[in-house]
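Here subunit A shows up in two complexes: once beside subunit B, once beside subunit C.
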Partner chain A sequence: MKVLTLSKKNATPFFEALKSFGKTYGPVEKGEKAYSFQPVESFSQLALDYKRTILPLKKFFYKPCQPVFHFNKDSGYQPAEEDLEEKIVLFGVHPCDINALNILDLVNSGPYVDNYYFVKRQNNLIIGISCMPDELCFCRSMSTDFAETGFDLFLSDIGDSYVVRVGTGIGDDMVNAVPDLFSPIDEESSRAYKDSSNERSAMFQRYIELSDLPEIMDLEFHSELWEKLGERCLACGSCSMICPTCNCYNIIDKLNLDQKTGERIRQWDSCLFKDFAEVSGGHNFRSKRASRVQQRYLHKQQGFVEQYGRPSCVGCGRCTMVCPAKIDIVEILHTIRGERNHRRRKSDRRR
Partner chain B sequence: MAKPKVGIYGLTSCAGDQLVLVNCEDELLDIVGALDLKSFVMGQSINDECELDIALVEGVVANQHDKETLEDIRSRSALLIALGTCAVWGGVPASKNEVSRAEFQKAVYGTETTGHEELITPLPLSHFVPVDFRISGCPIEKEELVGSIASLLHGDIPVLTNIPVCTECKMAENICQMVDLNNICLGPVTLAGCQARCPGHNRPCVGCRGPIEEANFASEYTLLLEKGFTSSEVINRMRIFAYPCEGLQAQVEKIENE
Partner chain C sequence: MPSPYDTLIRTPNPYQPRSARIVRITPLVKDNVLFQFRFEDEEFSREFSYKPGQFVELSIFGVGECPISISSSPTRKGFLELCVRRAGRVTNALYQLKENDLVGIRGPYGNGFPVAAMENKNLLLIAGGLGMAPIRSLLNYALDNRSDFHDVILMYGARDPGEVLFRNELETIRHRDDIKCLLTVDEASSEWDGYTGVVTELFKEVKLDAAATYAAVCGPPIVYKFVLKELLAQGFSKNHILMSLERKMKCGVGKCGHCSIGYKYTCIDGPIFTYWDAMNLRELI
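Take a look at the complex of A and B:
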């Protein structure tokens, strides 16, 4: 992989050059310590020291609520193609979120390819950025703290400059658009990179053990833990909405008053909702809240492993951050493994 | 197919849900064109209290006259739809149902009986007659009303949203009123459909659209107490729109027994 350096002095002209590749989005401050990926006009608008955005990147490829097609009794169906062709550049994406998109690519390319998703993915460029973990991050345990693929360029902060990894041909085009801004790697930048990498390794506060976890979850299928969680869980759906890999959706037909036209929409859904597993005739496969909470963890950490060889969780910490009932995935997994003396998060530290 | 015969009524209420229909300015001509509007006192001068295909009823039953009106509407309507949080849950009129009506009359008029009609402890329509369908909200959302009319015209049961406010709030990427700002926010126990309008304007959810199915009042209550709110602060917020709700009543009883 081609590796270069970009001095921070050159970040602004580099950012300006990216505008010819598409509409640029990046992390901006939304409230006190809350961040969101929004359209960005200048490099100074970016809050590159952000920890995590409220919504992950899935919102660009699979909107909370989007039409799939429009229908008309006389003329038939017309696919909804709004915004499909828009070229976008996502600037400042963390490794966990890049890995989450790699996971969504796997899911959406299965036996039923989701073309809406992939058309948007193909029109999207990603510039990653390095980050330092906070007290909620456990991406190292999930092997998602480093992005090997899934970016066009990846910038690692080494103080006065970035080490730039070139991940794709288009990433190379971006560099070649403004070649004078980049320098070759030298001994000093290599040493700074390694120092930063070591410093980062020492900062992780949360770990979970993945080895044989699916088996333990099988053994603990009837654990009373699930009942307790069912009592606490509000089934508010927040964790599913902000999860970078949750991708379930509901399909709803909306008819207009003219009785002739309407649209079919798809909307983010959650396995925590009462009617999620309800089928025609009224039978509900998971009528109890406890069984729905259990389903969420089983699918992330066990079912997905059986199907794809790894958990779908990327350790971003968002679900722990947003849960009003303070349900914490790391604590659950420690409890289910029967581990004692694991590092607990300090109760009121968030983000 | 003949246009369905429709009546729109208000019992004890602020008439805000009926007003939503009048406020459907862009769709109003399509709506009145598609329906045979037999009775709508707010919107037309000549009304015919005949047999109906669909009756939309706003408000609570709060006195004997309301009860008789509702029973009459039910007896001549194929479908009866409860319109708004009052009709579905009891709403604001039912928020102090543990206090007797006589006590209220005495406080307001200085006498326990005013000689006017007999008062009834306010309760939602379903307490008195069978209700076929519910459109909740204070007031109802225009999109849900128009969508429901479109579905009914097509012969379908309307499909309304069944997700909590938190879900729509996260979709909108709002700052969390409960977790980030430590407010009493009823988003986790409240039916969405409003696109989390209040948190979107930096105000916590007050629960105006009524509880979500299986709302976890017990957990919400415990979490808010952990944040430092008092029991009465939390219950007084929860009671405003849906005090008669079974889940909330169970929680109130649990607190009283402790």
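Take a look at the complex of A and C:
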């Protein structure tokens, strides 16, 4: 991979040069200690030391509520084509979110390609940025703390400058638009990169052992843990909405007042919602909240592994952050893996 | 001007419904009607092909979309038949439509019955109640390709004679000597000349070579409960027991998540599952 350095004092002119590649979005502060990807005009607006945004990047490719067809009683269903051509540059994306998009790419491809998702992915450029973990991050366990693919450029902060990995040909075009701003990597930068990498490794506070988690979840299928979790969970669906890889959706037809035309809309859905698995006639395959919470955990940590070879969780910590019932995924998975160990650790503390 | 979907993606939109016209409406039993459709696009209609056991997504203009299993056999071209029970919003809206009205249909979806693997085997088709809807597709497929299969046996149980789907057709089939067609009802009336009792009672009437037979089962949960037990007692391999299952579905193409069970999606990995699959996917039945 082509690797360069970009001095931080050159970041502003580089950011200006990016504008010719599309509308630029980046993390900005929104409210108190909350961040969001928003349109950004200048480099100084960016809050590049953010930990995580409220909503993940899926909002750009798969909107909370989006028309998929316009229908007309006489002419049938026409695919919705609103703002498809807009080219966007996402500046300052963390590795977990890049990996989440790689996972969504998998889900949306396969024998049936979701072209609503991919048409937007085609018009999108990603400039990643390195980050330091906080008390919620467990991306290291999920192997998503580093992005190997899925970015055009990736900037790693090494103090006064960034180490820049060039991931794609368009990434190279972005560099070549302002070649004088970049320098070849030197020994000093390389050392600084390694120091920063080691420093970061030591900072991870949370860890989940993944290796045989699917088997353990299988063994714990009838565990009373799920009942208890069902009693705590409010089934509000917040964790699904803010999850960077949750992609379940509902489809709703809206008829206009003329009774002739309307829209078929798709909107974010959650497996925690009561009617998620309810069929017409009233039978609900997951009427109990416990079975719905269990489905969420099993699909992310077990079913997805069997289907795609890895969990769909990227360890971003958003679900723990937003849960009104303070359900912590890492704690739940620890409990599943060995209730006795977990309890012993607590009792140790009491002693 | 070409759409960005065509220039950038170049694969067909899996969510695109096709206009289809209701050709014929045949009431079967109370709240169960057979709708025959023909696609408006003649070329598409000619090329439209499917496997028994697959389903389509039916759109009713302004109301919504829902999955319905196909009741016709792909051997009879040019039309598509769906046996629809009036159950929810979309099916209620369909019941308001008349012959010649337009609907949207996309598909076919799902794996369907593994008909190639079933060739040169005996077929034991077991349906309970509305489970006859997808089984009819396989039944007619087998009858139209009769030489591809050895013995064909149908066991169909309904609550009472007034609930027997496709009764006229089945009366004709009963008189054929190349298929054993056993009909039973829980509560017989004076005019009923079939069997009386639950569908598992019919096992007494046939001799089965389990090793050379595929069983295809569709019905309400109570049917699976007793039929599966009986099939295992008869020595059937779990891989030779096929079931057509129901789940909530929105997209039909493995994306929306509603029909997910474990690592399987009922819409693309099913709706036909072997008993072995079902045992490994704990929530399946």
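We adopt the following convention: the second predicted complex is superposed on the first by the 338 of 351 C-alpha atoms of A that agree within 3 Å, B and C clash if a C-alpha of one lies under 4 Å from a C-alpha of the other, contacts with A are read in each partner's own complex, and residues count from 1 in each chain.
To be clear about the criterion, a residue touches a chain if its C-beta (ideal position, glycine included) is under 8 Å from a C-beta of that chain, and two chains touch if they have at least 3 such contacts.
Because the structure is predicted, anything quoted here is derived from the model rather than measured.
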| item | value |
| --- | --- |
| Partners on subunit A (subunit B, subunit C) - clash or fit | fit |
| First, second, both or neither for A:Met203, with subunit B first and subunit C second | neither |
| Partner chain in contact with A:Met241 - subunit B first, subunit C second, else both or neither | first |
| First, second, both or neither for A:Gln259, with subunit B first and subunit C second | both |
| Partner chain in contact with A:Leu219 - subunit B first, subunit C second, else both or neither | neither |
| After the two structures are overlaid on chain A, angle v-u-w for subunit B, subunit A, subunit C in degrees (C-alpha centres, nearest 10) | 70 |
| Subunit B versus subunit C as contact partner of A:Phe71, first or second or both or neither | second |
| First, second, both or neither for A:Phe118, with subunit B first and subunit C second | second |
| Touched subunit A residues, subunit B compared with subunit C | C |
| Smallest separation in angstrom, by C-alpha atoms, between subunit B and subunit C in the superposition | 6 |
| Common ground on subunit A, meaning residues reached by subunit C in one complex and by subunit B in the other | 252, 255, 259, 262 |
| Residue ranges of subunit A touching subunit B (in the complex, touch as defined) | 30-32, 34, 36, 54-55, 64-65, 231-238, 240-242, 252, 254-259, 262, 268, 270, 273-275, 289, 321-326, 350 |
| Complex contacts: residues of subunit B adjacent to subunit A | 27, 30-31, 34, 146-147, 149-151, 153-154, 156, 159, 162-164, 166-167, 169-171, 173-176, 178-180, 187-189, 212-214, 216, 218-220, 223 |
| Subunit C - residues contacting subunit A, complex | 3-5, 8-9, 11, 13-19, 59, 61-66, 85, 87-91, 102, 104, 246-248, 250-251, 253-260, 262-264, 268, 282-283 |
| Residues of subunit A that touch subunit C when the two form their complex | 68-69, 71, 73, 76-77, 79, 81, 84-85, 107-108, 110-116, 118-119, 122-123, 221, 247-253, 255, 259, 262, 264, 269, 271, 276-281, 285-286, 291, 295, 298-299, 302-307 |
